[in-house]
Amino acid sequence: MRRTCLSTAIAAALLTVTGSGLSRAQQIKELTFWSHWAAEMPKRTFVEEAIKQFEAKNPGIRLKQTWYEKTALYAGLKTALRAGQAPDIFYAEPDQVEYMENGFLLDLSDLNWGAVEPWAKEAWSYKGKPYGLPLEAWTVELYYNKKTMADLGLTVPENLQLSPEAFLDMIKKARGKGITPMALGVGDRPYPGAHVVHEALLKKLGVEDYDKLLKGKVAWSDPRVVDTLKWVRGLIEVGMLPNTFTTLKLAEAHIYFHTNPGALTFLNGSWYTSRAFNPPDKGGQPKDFPLGIMKFPAVPGAVCNECRSIAVGGSYVANAETKHAKEVLAFLNSFLSFEMGNRWLDVVQVQTGIKSDPAKLTGPQAADYFKMIAHTNAGAKYYFGIPIQVLNGKPKEVFIQVMNNAFPAGTISVDDAIKQMAAAY
Amino acid sequence: MHAGAGGRRDAGLTRPWGTITAFLLPALTIYVAFTAYPAFRTIWNSFHRVLPRREEAVGLANYTELVGDEIFWRSVRNTIAWACTSPLIEVSIALLLALALYARIPGARFFRVAWFTPVLMSYVVVGILWLWIYNFDWGPLNVALRALGLGGWTKAWLGDPHTALPSLIFVTSWMWVGFNMVVLLAALHSLPKEVIEAAELDNCGWGAKLVFVIFPLIRATLLNLIVLSFIGKMKIFDLVWITTKGNPLWATETVSTYVYKRAFEWTTFDLGYPSTIAAVWFVIVLSAVLILTWVFRLREKLEY
Amino acid sequence: MPALKRALLLIVLCFYTAFAAGPFVWAAMMSLRTTTEIHRNHFAPPVPAHWDKFAEAWFNSNYGLYFVNSTQIVVSAVVILTIIGSMAAHCLARYRFRLNRIIYFVLFSTIIFPPQITIISLFQILVQYGLYNSKIGLTFVYVAIQLPLTIYILESFFARIPSDLFDAARIDGYSDWEIFWRVSLPIALPAVSTTIILNFILLWNEFLYAVVLITEEANRTLPLGIQRFIGDTQEDVGMIATGLMIAIIPVVVVYAFFSERLIQGMTAGAVK
C-alpha cells in the first residue's frame, strides 16, 4: 500500500518536473546563427553583445552561435543550403547573388529600413526587395607608417593625395632603403591585389564609365584602361609590392605592414582596425604605432581623382526556409537603430550601413581614427561596390585570377591581361 | 578433370543461385547504390541544369559550353602533363634505389622503412609540410639556397605560375618513390638467380647487366607501376586543394579541382555543368588507360 | 662492388633518406615546440619538449574529436569491406556462372574511375536520403570506393586455392557458408590482412569525399580537421604540426606492425 502510494507520488513528481520542463522547452525558440569573424575580436564582441542584449529582452529566444573563418563558412554554407541544413541566420556579403537567385534568402522588407543608409540597402536589393542587413561598410584606404614616411624625408600633402610623380618617388625611395613600399597579399583572398587596379581605374574613368567597364559595356582595350594599367605596371616594376605577394595571407599582410618586417604603406579596407586594433600578441599593431591614412594617389590623366569605392561588407541574412521567421526578423531588427550604428563605430571602428554619426563618438581611440577616415573621405564621390561584388560568373573568375593575382604580381603583361579580361565577357 | 593445384572453379556443381546471390548481394548492393547509380546519374545530370529546387533539360548545351571553356582545357593539359611526368620520375628513381638496395648495402632494412614513410602520410599532411618547405621566407628550400649562396634562385615556388606545377609534381614524386621502390625491390628479389649469376659469369659490366638482363625481366612490373601511377595522378585533388587550389592563374588547376569549384564554389548552384566535366573527363581517363595498356601489351607481343 | 663505390653510394643514399624522411622528422620536431619558439628558429631541436601540446591539441583544438570520428568511420568501413568483399571475392573465384566474369570485369574496371564521375551525384543522393553530413553516409561511400580494389586482390588469391580442399570439405558435408568461413578465409588470411591494412591506410587519409560529404564540425574526420587549421588567422604552426603527428602516428604504427605482410601482399598483385 505504502509502496504504491510512494511510487504514485514519485510518478506525479516526475510528471510535473518533466511536464514543466517540456513546456519551457516548447517556449524557448532556438535560432541557429553562423558567422565569419571568429578571429576578429571587435566585430565578434559587438555581435555577441548584441545577441546577449537581444536574448535578455526576449527571454523566449536563444541563439546558437557558431563562429567560422570565412573560407570554411562559405564552404559549409554552399553545401548546407543545398542540403536543406542551413542555419536560420548567417553571414553573407552582397556579391553572393547566387543565394538570392536560388531563393535561399528570406525577404527582409519588413525591417526598419529608415535606420539604414539608402545605398547600403541598395547593395542588398534583388528585384526590388532587400535580402541582407548591411552591418559593415568600408572604403579602400591607404594606410601608412608616419615615422617611416618622415624617415624617408617625405611629406604627405594637405589634401592627403600624392601626385603620381610624388607617389612613384615615394616608392623608389622606400625600395632604395630596402623597405617594401606597399604591403599587400593575395594568398587567401580574391580581392586585395585588385585594389590597386580598381581604384586607379575608377579615378581615371569616373563613376559611370568605370561601371560600364565592369559590366562589359566599355571595352578593356579602351586606351584609358590601357594607360592606367601601364601606369600600374610601372609601379609594380619598381618593386611596389612584396615578393611574397602571391602567397602572403590577409592576416600576414597586416603583420607585414605594422610589425614584421614593416612596410611603408598598406592598401586595405577601412576594416583594418578589426585586426590591427587587437592586442599585439593577437596580431594587432604595436602600441603607439604611428598610423596615418592618406588617399589613393592621383592617377595621371584622371577624370575623377576624388572618386573612391565604398562597399558593403559583412552582413547578416536569413534563411528563407527558417521555421522562426518572426523571431529572426525581430533579431535582425534589433541592429537597426542609431545607437547600434554608433556602438558599431565605437567598438569596431569600421563604417557601417546603419545610419550613424562618427562625430558623436565618445571613446577617444575611435574618435581619432574616425577623424582620419573622415579626412580621407572628405569630398569623395562614391562608387558602390568593389569589382567582385559587381562581376559574376566567368568575368569574376578571370578578374580574380588576372587583376587580383597575376597582373599585380607582374607575371603577365598589360596586353595579356587585357586580352584575358576581354575574352571573359 | 582433376585440376590439382590452381583449379579454378568447382566443375561438377550445378549453380547454387541461392548461395551465389547471398554472397554477392551485399557487395553488389553497395556497388550499385554508391558507384554505378551515381555514375549514371552524373551522366544524366550533364544533360541538365541541376539547380536546388528544379532541373531543366538542356540537351547538349553544357557540352558545347565545355568545348569553349579555356579553364577546362587548361586543367586537362595540367593533369595530363602531371600524369605523364610524375610516373616517369617516380619509377626511374625508384628503380635506382631498388637496385641499390638489391646490391645489398648495409642498413637496407632501415632505408626501406625510411623511404616508405612519405607513402603513409595523407595528402593533407604532405600538402601542409610542403607548403612550409616552399615558404619563401623560412622554408628549408629557400633557406638552404641562401645558405649555399644561391640566394638569386629563391622564389615563391608555389606563387609563380611557372614553378607552381613543377613544384607540385616534385612533391608527388617525392611521395610515391618509396612505394614504387618497394614493389621493384620485391620484383628484383623474385628474379631467377641463375640468370643474374650467368650474366655475372659473362663478365658483363654493371650497365650492360642492367640494360640487357635485369630490365627486360622486370619490364612488366615497371609498366604496371607506370600505369598505376598514371591513373593515380589523373585523379589528383587533395594535394592541389591544400597547397594552391589551382592558383596562380590556373597553373595548377586540375580537372578535379575545377569540378569541385564549379560544383561547390562557383556563383551558381548548378550541378549540371560540373557533371558534364566529370563525364567528359571519365571518357578521357578511360581512353588514356586503354591506350596505355594497349601500347605496352603490344610491344610485349612483338618481342616474343 | 669496390669499397669506394660502395661508400659513395651510401652517402648518396643517406642524402636521399634525409630528403625522404626529413619533412617528417622536421614536423615531429615542430610538434613539440610552441609557435613562438618555432618562429624564432624554424630548425632548432625541441628543447624543451612540450609534450603537453598533444593533450592540448586533443582536448582544446578538437583533434580528439576528429580522431574518434576517423576511427569510427574507418574501422566500420574496413570491417564491412573485409566481410562483404571477401564474400563477393570468394563467390566470384569459386563458383562458375554466366555473369561471373562480367561482374568481375565491371567491378575491376571501376578502379580506374575518377572520383568526379560519382561525387556530385553522391552528394545529391546522400542529401536526398538524409545521409548527408553523417558518419554513416560517409562510411557507406568509403566501403563503395574501396570495394573494387578489395575484391580484385582477394579474388586472385581465392582463385589460387587448390580445389582439392574444397572438394574435401564438400565431401565432409560442409555447407557453402562454412566452406567460405572455415576453408577460404583462413587460407587467404595474408591477402585479407593486406586488404585490411591497405584499406585502413587509404581511408584514414582520404580527403576528397570527406570534404564534400561532411561539413559539420562534430562529424569531421582527421584530414578535414587538419585542413581547418590552415585558416585565415596567423598560422599556428606549432599546433598544426602537433595535429599532423596525431594524424600520422596511427598509420605508422599499423605499418610498423604489418610492414612485411603489407609489402608481400602489394607486390604479389603488382609483380604477377
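Which chain is which? They are A, B and C, in the order written, and residues in each are numbered from 1.
The definition used in the following text is that contacts are C-beta pairs under 8 Å (C-beta built on N, C-alpha and C of every residue); 3 or more make two chains touch, one makes a residue touch a chain.
Since we're looking at a predicted model, the values are computed, not measured.
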Relative to subunit B, chain with the most remote C-alpha centre: A
Result of counting contacting C-beta pairs for B-C and A-C, higher pair: B-C
Subunit A-subunit C separation of Cα centroids, rounded to whole Å: 41
Inter-centroid spacing, subunit C versus subunit B (mean Cα positions, whole Å): 16
Multi-chain contact sites of subunit C, meaning residues that touch two or more partners: 123, 212
Two or more partner chains touched - positions in subunit B: 264
Per-residue overlap in subunit A, given as positions that touch at least 2 other chains: 75, 79, 82
Touch list for subunit B against partner subunit A, complex: 51-53, 70-71, 135-137, 156, 158-162, 247-250, 264-269
Complex contacts: residues of subunit C adjacent to subunit A: 123, 127, 132-133, 212, 215-217, 228, 231-235
Sites on subunit B touched by subunit C in the complex: 3-11, 13, 15-17, 19-20, 22-24, 26-28, 30-31, 33-35, 37-39, 41-42, 45, 50, 97, 100, 103, 105-106, 111, 113-118, 120-126, 128-133, 138, 140, 143, 174, 177-178, 182-183, 186-187, 190, 220-221, 224-225, 228, 231, 234-235, 237-238, 241-242, 255-256, 259-260, 263-264, 271, 274-275, 277-279, 281-282, 285-286, 289
Subunit B partner contacts - residues on subunit C that touch it in the complex: 1, 6, 9-10, 13, 16-17, 19-24, 26-27, 42-43, 83-85, 87-88, 90-97, 103, 107, 110-125, 140-141, 143-145, 147, 151, 159-160, 162-164, 166-167, 170, 176-177, 180, 201, 204-208, 211-212, 222-223, 226-227, 230, 237, 240, 244, 247-248, 251-252, 255-256, 259, 263-264, 266-267, 270-271
In the complex, subunit A residues that touch subunit C: 39, 66, 69-72, 75-76, 79-80, 82-85, 188, 249-252, 255, 283
